[in-house]
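For clarity, chains are labelled A, B, C and D in written order, and residue numbers in each chain start from 1.
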Amino acid sequence: MATSVNRAEAQLTLDLALAVVEAARQRADEIGVPMSITVLDKGDILVAFARMDGAWFGSIDIAQNKAYTARTFDMATKDLALLAQPGAPLYGIEASNLGRLIVVAGGIPLKLGDRIVGAIGVSGGSAEEDHDVAQAGVAAL
Amino acid sequence: MATSVNRAEAQLTLDLALAVVEAARQRADEIGVPMSITVLDKGDILVAFARMDGAWFGSIDIAQNKAYTARTFDMATKDLALLAQPGAPLYGIEASNLGRLIVVAGGIPLKLGDRIVGAIGVSGGSAEEDHDVAQAGVAAL
Amino acid sequence: MATSVNRAEAQLTLDLALAVVEAARQRADEIGVPMSITVLDKGDILVAFARMDGAWFGSIDIAQNKAYTARTFDMATKDLALLAQPGAPLYGIEASNLGRLIVVAGGIPLKLGDRIVGAIGVSGGSAEEDHDVAQAGVAAL
Amino acid sequence: MATSVNRAEAQLTLDLALAVVEAARQRADEIGVPMSITVLDKGDILVAFARMDGAWFGSIDIAQNKAYTARTFDMATKDLALLAQPGAPLYGIEASNLGRLIVVAGGIPLKLGDRIVGAIGVSGGSAEEDHDVAQAGVAAL
């Protein structure tokens, strides 16, 4: 895999985004759960997407929302989920941002070195499986 | 800072709104938390906005929602939050007004003398930090 | 490239969709125009997407609209564009389907044998360049 | 005006965005037309906004759409307007991107050196006046 990123600029190139998608896909294959996988750049703009054969149609939108949420709050949606419970400080947060937020595990910010350059969002399995597959994508950078 | 308000009319001019934003920003700088700061006028219409470097993207919409909520109910969102808890009289209120309400601290009405002229909304830190920074903005009038 | 399609069913697998995207991307690289490339399946559902480095943000939505339009009418958007001109039989058609149609060249149905299995949509260059790159994607099947 | 941008990174800081807004506002004052002025960063995300006293309420949304359009196509909306006329290659383009596009003069990309770092959008006067005021904002960088 060519990785044409200029690390001085820490930008998420398409090559890198596709490497993230492929790593996530391999992990999803290993656990046998078809998923939708989205990669957004640091401005929350779509770079790459893949829906594995057999993944729920509903997973497309959820994967994008998870990536959007992770970058919008610079936090894994798994962690945000805890803060958004009844009684927790961000309860109700998902009602903001025009319906694009989702406080379910499976979204994680992407970093190059210590800089956030985007986010991955995964949907199709359980919350734990989605986070696991997203983590495999993160590890590709 | 020029304050070109006509006090006879008690209107929130852009100059005043920018003074509110700047005072809030200075307080946010003091506590070291980057925030989004919104000022709406008495008709709930946007006058001024600033997103500090490093503030979560998600704080933009939430700051606007907090200011909108504060002016819509003429009440600090910190106080409205108490009324919107399960069992309290306004439980569920945030489902009204087309998704523009949020019952989290950080929104406060703005007054000139005893007249409400608009509202400030702040997001980016904890609920307490957001209220503190909004209060600094209020104090600029 | 593994092509795991079951030709008896003529389904567009993710592997095939990624092969279509990659072929289009190579053509776009050849002509030196960064583009967004979308592949939808026969149900008009997103399968794969890639935005090349430097492509306009606006190309993301337009590429998806072109693919949607091509599959929705089972016709290249280049041809549909002629039918949608003032005085032609489909003038105004783009106002239907909730804003998802676009009558600009760059969308083409994808076939396996004689069966339509989806569509490709390309945006980022001129209408002619977009159609050329989409055609390169079609040729990968 | 402190300009805390790190030019090596070419990022649009809040200080720079406010300088752009202020320069545009001064020009609008000179020509005597109250306007709404929006600055977005390179990811099309809101950084700063000001509505001058007396500006149409409708100018708020239009200013944001103009900035969004300018960054989405990396082109002044004045130029895009020509390409979107009946018979021109991008005719109908404004129907894409979920209603956030507007092909009216007043939106211009913002650059630091040769890199696009965001966009300004201005609304409140005639198309020519809006472009003139936006240009004054661009000149502040």
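Everything below uses one rule, namely that contacts are C-beta pairs under 8 Å (C-beta built on N, C-alpha and C of every residue); 3 or more make two chains touch, one makes a residue touch a chain.
Quick caveat, the model's predicted, so the values are computed rather than measured.
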Centre distance in Å when chain C and chain D are each reduced to the mean of their C-alpha atoms: 31
Euclidean distance of C-alpha centroids - chain B vs chain D, Å: 25
Centre-of-Cα separation between chain C and chain B, whole angstrom: 45
Contacts with 2+ other chains: residues of chain A: 44-45
Contact graph of the chains (line, ring, star, complete, other): other
Touching pairs among all chains present in the structure: A-B, A-C, A-D, B-D, C-D
Residues of chain B defined as touching chain A within the complex: 56-58, 61-62, 65, 86, 94, 99, 101-104, 126-127
Residue ranges of chain B touching chain D (in the complex, touch as defined): 4, 11, 13-14, 17-18, 43, 45-53, 57, 60
Parts of chain D lying in touch with chain C, wherever the complex brings them together: 44, 69, 71-74, 86, 89-93, 95-99, 101
For the chain D and chain A complex, residues of the former touching the latter: 9, 41-45
